[in-house]
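What follows is one structure encoded as structure tokens, with my remarks underneath.
By written order: A, B and C. Residues from 1 in each chain.
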Amino acid sequence: MGRLYAVEIVYRGIFQKNLAKNISRAIVLAAHKEGKPGISFGRYGDSPERNGIPAKAFAIVATDEQTLEEGMAKYEPTQVDVSICVDDTLFKGVESWAWYGLQPINKLVKPGGTLIVTSLEEPAALAEMAHRKEAPYQLAVIKAQPSFSGLWVYKDDHTDVRILGAIARVCPELFSLASVQEVIRKDTKDELKATSALRSFERVTTYEVQPTQGNPEEPYKFEMPKWHEMRDGIAIPSIAPGHKMKDPITGTEGGFQPARNPTFKKYATRTMRPVVDFDKCIKCTLCWLACPDSCFDVTPENLYDANLEACCGCGVCEAVCPEPNCVTMVNETHFSDNSSQWQAYRKDAEGYKANLASLIATRPERSHGFRFRGQYEEQVPAIIQAAEAEQQKQTQA
Amino acid sequence: MATTDRELAELTHHKAPHKLDLFKGVKKLPLEEYFTSGHRTCQGCESALVMKLMVKAAGPRTIVLGSTGCMYVANTTYYSTSWVVPWMHTQLGSSGAAALGAAAALKALMRKGKFKDEPINVIAFCGDGGGADMGISGISATLTHPDYNCLILMYDNESYANTDIQLSGSTPYGAHTTFSPPGKTKRIMHHRWKKNFAAMMAAGHPTCKYVATVCMSYPVHAMNAVRKGLSIGGPTFIHSLDPCPKGWDYDPMLSHELGELAVLTGTWPLYEVENGVVKLIGKTRDIADGRVKRLPVRDYLLKQGRFAHFTDDDIDYFQSKVDEMWNKWVVPGVIPFQKHLDEDRPPA
Amino acid sequence: MAEAIITPHVEEPKKKAPAQGDETSLITGSEAIAVACQLADVDVITAYPIRPYDTVMQYVAKLVANGEMDCEYIVAEGEHSQFEIVKHASACGARVFTGSSGVGWMYAMECLTVTPSLRIPMIAMVGNRALDDPKIPSRAKVDAFLPRYDRKDLLLHPDNPITVAPQANEDWLMEIRRGTAAAMERSAGVIREAYADFERIFGRKYGNPFFEEYMTDDADVVLVGMGTLSNPVRVAIRQMREEGKKVGFVRLRWFRPFPAEELAKSLGRFKAVGVIDRDFSLGSPYHSGVVATEVRTALYQSENRPQVVGFICGLGGREVTLPDVRKMSEIVSQAASGKPQPATQWIGLRE
């Protein structure tokens, strides 16, 4: 039997659908240039995709057809040589919309394999964000803001080719830089994109992750019942009615906390999280009312606390809030838990506010897809330039 | 002597509807949620918000029946649910039948003393595919049954959004969908104009006492429409326009704003037809009365990736069709009857 | 023929004195079904015109109009809605009845793909043509026979908040199907119990619930069929018996659950079997009707496997005549005597 290569691409549903497709397709084409057959496909269970909800695409390549057939004999590979994560917030875990539980981002990376990520974070911080893994693996960081666009208008900011260049570097036996550049030139007729792949090939930084590093938490899991344990009639119990909330300091009860779906939490969908300045809140109710995910708990004093197990980070709350900097979407990577902001505020208002100010000051520019026609054309040159600069800085360091 | 409504009600053992008071403002809304977190919809899903506010308005004594679509597949992915109230799936084109079946069962069982006699709301929802396309015959039939109290709500995200955005009879002219991609020789693949569904239901069903258009960017009106629909008696219909970040291609944060723009550009007029009386609502009324100037549709269209391929001619044409709704229709924004005919000239 | 039937099969009248409180009347099978709905205290009924099913609903409409039946009688706008209306009514706790004929069933079929897994009892008749003189049992007996319809924890009601029929993906579908299969496996026992109860309460005995046998004890060959066939077949068999031909008849009452083992055991006694299908399944094994395919499948595991000849006849309501039956018996007898016969033959066809 020959050698089999499996590559997965973990991406944000819809926002990065076209990006993931470009990458997995080019992997197969580049390997094909070197005589290796392959196939690229999206994970069936992720279809239909939902904005932001993690999804996966795969590229399976082999040195010969028979080996490829062996690799294709299962829906989804159990191990991959290279895993590509096109949004660093996915390092917190991957909860697909179609199944149950949270998977560590590095779950399929085989011992000694490589996890490529586009991020502005430091490798050590990224390693800590991901779940702990028994065997060492390699992180390859492409310094760039994660690229998001939508279903119809693609933001062609070179993220795809940059990742392809990095693959040629970390897994040269899959395909060479020359092969992938050839594919890029043929597909895009854009020499600048071939150059971007080269830059990334030269400058991608790698980092060895040890078994001692990473989030030690057991990821949230769901045991699937056996057929005779399931209720007849395809019926399941409804969600319970909610209950009042209790102030952690005074013990006062009031407000309302809805009960929530216990088997799907949705927080792995989030790339930014809302933070609330409770002192600025005018209790207009709009964030609570307009939230499609019913994520706001109403406190006894009628403040609105974004429940971070339920929040998927859409940002509607910030958009509808009439008070400046009262509800603000900030960088999700700065948090390591989903605890209540209101409880933190009640216990230490000053500390909470100081932290809030720093979170707001360092929040990234929002990049969640299309806002107006011409936006990407305006943004892309600056993005490419900034990514160049970041990578150069990295190489010099 | 003609039969009075009351006599007719007695003849058909008509059941009194649930009387629900109207909300006086956002601060008076109940805190309780009957559709809650953990559904698997997109970030910024406005249709999920429809579900939440619909049952918040209806309250806990409600049975909800949902036909196939995003609000079935994503909200109720087996072994989990986000519903607090009882909920049941119905087939794609069957929201009308589902509402009728549940309302008929409750009516029969309560009349025969098999169930406690009490007001229980029945709401069936469908998307634009399940409603305006496949479900129209069933919905239409249900709206002709005066003796069953039920509300049918169509959440219209202007495509078959669950199956990855195929065009429906409710997709606006020219929009990019997976069945209408702008191509090299055909820029506009979708030449059909969106069905004027709510008005069609109102105009064609004299037994239906309440029809409304809503948008969750105006939540109190939407929730009161649900309450009116459930309180007035007989079958009623609500058509909600739901911005869809996935299919319309925009930053999910802008869901609320796009709903507002749909109304403020006059593309989506808010109105209700109550016992045959047409009433424009809120900003739509302000536009009609000249208190608020209609925004150009360009402000709405160019914020959505699905219209990114539009030329200025396409935008002008879209604008002209919206202008026609306001300037030429006998009932502006509602009923597309005109006193004289102008030639339709879509751009080449 | 129809005797207060609420399953899609027909019964032979019993020639004995009516039990006390019962009443004999000369009505059509369709009317008998309407009366059965009345006696069963059906809560929600849906109607849609298609021959001959609609004749039942015409009788129901009269019962409702005359105040003889208390139910929600809904004229739907198509078969799909008919079936969805009663599905949801049943989910909400109502006893329901509906039905259709021919292509109407095809139009309703989408609804029927989901209903069994939801464990929603729904009586839906397949309208065929039948006429006879049934006895109408008393209301008291019907009440004693029929349990109160109680969905227990499957009731869709605010007092029992459940989510019914969420979308099931590949992680769940097999387990759900297996659960439904288990219920179907149990149903044979339930059917036997119901027939025993029926006999006890109404004093009418049908023998084996799953199929009945006519003059099979000493038969060399048998014809097998289901539905509205038995009248001409029986008459023809009596004629042939007078001529010394040992022909019998096996009539299936239940198609699902299919009584495979029991039927195979019974059919194994004969030299050859002719299966009369009033249906046809394009491209099926041996280009047969559906009953022939099922019978062959049932016999495959059996030690004794008589030759099976399939007959297609009486399609579209065409009459199955006595000569037709005699011809089929003759072909089966030929097969029994070792002369090979085509697997499927069309009878009563202009050719």
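Observations on the model:
Here is the rule we go by: a residue touches a chain if its C-beta (ideal position, glycine included) is under 8 Å from a C-beta of that chain, and two chains touch if they have at least 3 such contacts.
The shown structure was predicted, so the numbers you read here are calculated from the model rather than taken from an experiment.
If each chain is reduced to the average of its C-alpha atoms, the one that sits nearest the average of all protein C-alpha atoms is B. The most distant chain from chain B is C, comparing centres defined as mean Cα coordinates.
A straight line joining the Cα centres of chain A and chain C is 56 Å long.
Centre-to-centre separation between chain A and chain B, using Cα means, comes to 33 Å.
Computed centre separation for the pair chain B/chain C is 43 angstrom, with centres defined by C-alpha atoms.
The set of chain B residues touching two or more other chains comprises 60, 73, 77-81, 83-87. Of all residues in chain A, those that touch two or more other chains are 98, 100, 224-225, 230, 234, 236, 238.
Multi-chain contact residues of chain C (touching two or more other chains) are listed as 161-166, 168-169, 172, 176.
Of all residues in chain B, those touching chain C in their complex are 60-63, 65, 72-73, 76-81, 83-91, 93-94, 96-98, 100-102, 104-109, 111-112, 114-115, 120, 137-138, 140-141, 145. Touching chain B in their complex are the following residues of chain A: 13-14, 47-53, 97-98, 100, 150-153, 224-225, 230, 234, 236, 238-242, 255-256, 258-266, 269, 284-286, 289-295, 298, 307, 309-310, 312-316, 318-320, 329, 366, 368-373. On the side of chain B, the complex with chain A involves touching residues 26-27, 29, 31-33, 35-46, 48-49, 52-53, 60, 73-74, 77-87, 162-165, 176, 216, 219, 245-247, 249-257, 302-308. Interface residues of chain A, counted against chain C in their complex, comprise 44-45, 98-100, 224-228, 230-238. Contact residues of chain C toward chain A in the complex are 117-120, 153-154, 161-166, 168-172, 174-176, 178-179, 182-183.
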